[in-house]
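Scrolling down, you'll hit the structures one after another.
Two complexes, one shared chain (chain A), two partners (chain B, chain C).
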Partner chain A sequence: MSTLTPTIPAKPARGSRSTEAKAPRAQRESPFARASAMIVMAVFTLYFLVPIWWLLVAASKSRSQFNSTNPLWFADFSLFENIGNLMAYRDGVYLKWMLNSALYAGGGALVGTIIAGMCGYALAKYNFPGRELIFNVVLGGVLVPATALALPLFLIFSQISLTNTFWSVFLPSLVSPFGVYLARIYASASVPDELIEAARLDGAGELRTFFTVSVRMMVPALVTVFLFQFVAIWNNFFLPLIMLRDETLFPVTLGLYAWNSQVNQIPVLRDYVLIGALLSIIPLIIIFLLLQRFWRNGLSAGSVK
Partner chain B sequence: MSAPAVPMTDAPGNAARKRPRAARPRVQHRGAILAFVLPFGTLFALFYLVPIGYAIYQSLLVIEREGTFGQATEVFGGLTQYILVFQNGPFWQSIGRVLTFGAVQVPIMLGLALLFALLLDSPLVRGKKFFRLAFFVPYAVPGVIAAIMWGYLYSPNLSPFSAVTESINFLSADLVLWAIANVVTWVFVGYNMLIIYSALLAIPGELYEAARLDGAGQLRIAWSVKIPLIMPAIILTAIFSIIGTLQLLAEPQVFRSFSSAVTSTFTPNLTVYSTSSIPNFNLAAAFSVVLALATFILSFTFLKFTQRKEAK
Partner chain C sequence: MQIKKRAAAVALLTAATVVLTGCASGSTTSSGGDAAACEPSEGKVDLTFTTWIPGMEEVVAVWNEENPDVQVKVQTGPNGNGGTYQNFFNQLKAGNAPDLGQIEYDALPNFRVQDGLMDLAACEGVLDAKADFVDWTWGQVNFGEDDAVYAVPQDAGPMAMFYRADLFEANNIAIPTTWEEYAVAAEAVRATGGYITNFSQSDINQFAGFVWQAGGSWFENDGDNWTIDLTSPESVKVADYWQDLIDRDLVSTNPPWTDEWNNAYNTGSNWTWNSAAWGANSIASGAPDTSGNWSVALSPQWAAGDNAAGNWGGSSTAVFTGSKHPYEAAQFALWLNTSDEALTMLNKSANLYPAAKSGLELPALKEGVEFYGGQAIYDVFAEASGHVSPDFIWGPTMTQVYNDTSDGFKGAVTGNGTLSDALTSAQKSTIDALEAQSIPVNK
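For the complex of A and B:
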């Protein structure tokens, strides 16, 4: 896993290069090369965006127009009525699923990032016996697929009657070995020992130094860890599928899956599945947009210091 | 600055040095280290190490009954479950299926991701910000949702491309595996592209300038300068893709409601799931252990193989 080492600490170098090197080169390329590059990009933009466009269009149609109108263009725009119907269906169980997903992913990624950051920081900045052993065990954890753990976790949780609870999905989601790995690599590259020393001279305790000084230097790595873990938990399917029976505990992925597998018996669910699918991807897109900016700010701040 | 600090508090680099008044080598800041490591360490032990141990333990048990309807008891059965695993045809077929899937889908996906990253990094493309975002958006779509969406796009009568889907049945037994491969590719190309792209951005620009002065074109620079330098990032994406392929679950599970060609043992993880819902936990645990080991060995071998090749 040492393969990532050269890329991560080197990242802050990007700001310096893109400004100086790009402009003078742009003129020299042949028009043919440029046209074919743009065609490739345009074709694949269609490939990546048309399915989402179709979903948006389909979710905005009433059922009678779903089959009878152009599937890739709007008919009467009834998206908001459809959303209203979805929210009202079965006492708003869909909203409950979205909230559950937000809790599992938001809470899990937040707590998970903090503890992974602390552990990675300790592995990078302190010398203690067993340090390498801990790091290697955690690295092995990166290669263990999370789905392989779902079944044994279910068996253990059923022994202590913890299956079918919020905690059965939330607690295992907190652990991110990859987060520890990334935090360690980043902390050793970006938190100077002198800074920690200076904080010690000022009389700050170790924990306080971490939370007030070191964390700031690690922001880009921590945001990345948060993002990865948020997505992993939001997308997680196997663990909730195996753990949960009670519909009100479902994350949105499991809920929509359950509806989709009943479409043949209850045709009205098809509308709700499509609208629900559209709504379920909006939070992740927003998170990406918000954190992308944050992440970039963190990167440029890191390269200035 | 650090010089006067040494006598009072050892810098981490000096911590191994014994201090004269300590009788044995003492670890600096022991309490703080514990406070940093314990929260993650405890959860890692509880939700990673213990389950792995428990899965191995469960896989060594067999259910014994006194007579046909007698009380069932779990007794130690040695490697009995593993013998059953190796005799289980559908399980190995599912392994073969995901290996075929991976051998085709992973190179296509990473090839596209590399191509897009190189194009974004070249002076050939305008509107980089837009393309970067447009290609990355599918990653925000959870696998389950992407599978549901594509399930409709493939369906013969509901699809917006019914002209195509009426003549080619993407959900048939022959094609459904590749229909799923397309869903996975659609979701993950942009993500892999970003990892490779950020590795490209980290290459100092002077390296290209030197190559350009020597008269190298974009293709030549990409092939001889950029790709060798970003090999570690490509290997990383390959390993994560291999792990992901062997773990394939959400997409085929969703496709079961679109296509009867996706059986309950279509992928190894589906086999684990359907075996545990029988319920036959001991056999399912043995499947899990074999699958995790296979994943570990495959990604580890790949890592070693590529590292050795690079060293040459």
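For the complex of A and C:
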């Protein structure tokens, strides 16, 4: 999931560029090719949307109707009642989880984006010995899946007694090798050396140049990094699973998983897992809708050049 | 050139990771369970207890109220095989395991072979507590050693037969009391269009419960070596029995715990379920339309007149090696699992069926249950619990055994191979798995 979601915005990126270029030729495409393309897209849309539809329908049913009615259509609509029950369960621990997820993902993505942006910018715009080596090591980091690092991280954090704390999930989330990579590529393409030179001549320090001049030109890349990082942290499950023991620190993914693992014995949890899963995707949808506008603007601006 | 450099960087990084992991795991400091010393600690003691049982916080709050000097903090996570066991192993390795942990019976040997469990025999009152627990549950926590106790039993899953009393009566089919009668009844049920039950391809611990009832055991440990006996005569007898029902299409083979499976019970197409005490709620929630039509009877027997029962599930409270306060931890574990107050709360919040003898007499477990037509079903389970054999032993790699057996069973229900073939191949892969972990095996 975590690897799938971020690729979604990547497609329109290439797509928007190529449709612009190909627009005049569009009429010449055979209707057959068009139709088959549409069918493929329709099938995939369905494929992605049906589970969400199912979730919405299932979450709106009472437990007795869950098994006995059509899984893809509504029965008596008790969504709000179910949400109320979920919020009341164990003194609203679910809300706490959502808040934690927002903190881990929002805070982690924000700080992580700043770090990745600065790092990528430095690698793109400053010449110093070992620059390529550092970049290649960072690039190597892209290849190492976060899951593989969770256990070593746990052992390290154990030695400094930081496991089962907010920081044990937050700190590792700040690192984004892919963000550094993207920021470097984008900075070298979109921030002209002349502009930095001009800022320097006007007496701006390096830090000020970065934050007032360069960041503005890098916004599209930074938004992308933020988005990727946000989704990656929100969906990151393995690290919290290993690090956290205290229920009040759980992100929503881990909390729902913990509930789901007990459904056989505590059947009522099944309802809560369903509603909880439905509610937990809403912030992701919102943040995508809000940010994709920035993101598309940025890409088209870059593509003209 | 560029590529070469990149490759070098990657290699460097990989090497760094390996070194990092290697040295971290090298710092293992767990010393084996030592029963020699179990003295009360001075002053105020704080304990941590990791469990996934919902409602445990409330139970512990009662203890904390009564014992201001021994404060217990509850930590939580997914169920054991869902990740908490792996976390326990990681924490034991890192030296920051909690004082107490929830461990199911079938996972205890795994922790035992890794020296993760503290022997509580020297702690005051622990050996004497043996009389408070149903005999077989004590066998699950001392591994047959008379002078050792590696955990305190918490709950149990004695098995009985849930059945649709209304359907059996309406169709004039006698309630089977032996497995032979069960197979005959299965034909009669099939003739009405239903199935007598569902054979679960992935609940291997249910199958183990059947073997347990038949008097078999899958593992044995003589103190040094493990003997693996997945293909014992009892085990094969049970496998052949179910294989026959599958071959004759007398049982359905839905994957368990799915909507399909629930639906088969809810619509009355499946008539019985051989399951544990905790299963009472699973049916009630999975098949709400059948409320009032179910009853519970003792499991069918292999020989008429017997009263053997199997067990499915159940867990214990263990103290991990490395705990600085084994005495207090043991006292807490005893209170948690024997006091009526705690057991009543756990039964209410998590449907735990107690392992303590006194727990079987709880008022909450004496009442009639509406879903079962007002039958006092837990009386049946209490009787079953008294007849569970104390000789069934779990192995140190149960997750692997379950996975491998389940793979074979999935094949068998679709016509590839048989259940006993699956046991044969799981037998072999289990020996390999133990040898791979350098656990001594008798072949």
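Just so we're on the same page, the second predicted complex is superposed on the first by the 262 of 305 C-alpha atoms of A that agree within 3 Å, B and C clash if a C-alpha of one lies under 4 Å from a C-alpha of the other, contacts with A are read in each partner's own complex, and residues count from 1 in each chain.
Here, a residue touches a chain if its C-beta (ideal position, glycine included) is under 8 Å from a C-beta of that chain, and two chains touch if they have at least 3 such contacts.
Note that the coordinates shown come from a computational prediction; the quantities given were computed from them, not determined experimentally.
Q: When the two structures are overlaid on chain A, which partner does A:Leu241 contact: first (chain B), second (chain C), both, or neither?
A: both
Q: Contact-wise, after the overlay, does A:Trp167 reach chain B, chain C, both or neither (first, second, both, neither)?
A: Touch partners of A:Trp167: none, neither chain B nor chain C.
Q: Applying the document's definition of touch, where does A:Phe77 land relative to chain B and chain C: first, second, both, or neither?
A: Neither chain B nor chain C is touched by A:Phe77.
Q: Should A:Leu155 be classified as contacting the first partner (chain B), the second (chain C), both, or neither?
A: In the superposed model, A:Leu155 contacts both chain B and chain C.
Q: Determine, under the contact definition given at the top, whether A:Gly141 touches first (chain B), second (chain C), both, or neither.
A: It touches chain B and chain C both.
Q: For A:Phe128, decide between first (touching chain B), second (touching chain C), both and neither.
A: first
Q: Pick one for A:Tyr47: touches chain B only (first), chain C only (second), both, or neither.
A: The answer is first: A:Tyr47 touches chain B but not chain C.
Q: Is A:Asp193 touching the first partner chain B, the second partner chain C, both, or neither of them?
A: first
Q: Could you figure out whether chain B or chain C reaches more residues of chain A?
A: Comparing touch counts on chain A for chain B and chain C gives B.
Q: Which parts of chain A are touched by chain B and by chain C alike?
A: In chain A, positions 67, 71, 137, 140-141, 143-144, 148-149, 151-152, 154-156, 241-242, 254, 257, 260-261, 263-264 sit in both the chain B and chain C interfaces.
Q: Chain A touches which residues of chain B in the complex?
A: 1-2, 5, 8-9, 11-13, 15-16, 27-33, 35-37, 39-41, 43-44, 46-52, 54-55, 58, 112, 115-116, 119, 122-126, 131, 134-145, 148-153, 157-160, 186, 189-190, 198-199, 201-205, 208-209, 212, 218, 230, 232-233, 235-236, 239, 243, 246-247, 249-250, 253-254, 256-257, 269, 272-273, 276, 281, 284-285, 288-289, 291-292, 295-296, 299-300, 303, 307
Q: Touching chain A in the complex: which residues of chain C?
A: For chain C paired with chain A, touching residues are 5-6, 9-10, 12-14, 17, 20-21, 24-25, 48, 50, 52, 54, 75-79, 82-83, 87, 90-91, 93-96, 98, 257, 259, 262-263, 266, 278, 281-282, 284-289, 350-351.
Q: Can you tell me which positions in chain A touch chain C when the two form their complex?
A: Residues in contact with chain C: 63-64, 67-68, 71, 90, 132-133, 136-137, 139-141, 143-144, 148-149, 151-152, 154-156, 158-159, 161, 163-164, 241-242, 244-247, 254, 257-258, 260-270.
Q: Can you list the chain A residues touching chain B in their complex?
A: My answer: residues 1, 3-7, 10-11, 13-14, 17-18, 20-22, 25-26, 28-29, 33-34, 37-38, 40-41, 44-45, 47-49, 51-52, 54-55, 58, 67, 71-72, 115-116, 118-119, 121-123, 125-129, 134, 137-138, 140-141, 143-149, 151-156, 171-172, 174-175, 177, 180, 193-194, 196-198, 200-201, 205-207, 210, 231, 234-235, 237-238, 241-242, 253-254, 256-257, 260-261, 263-264, 273-274, 277, 280-281, 284-285, 288.
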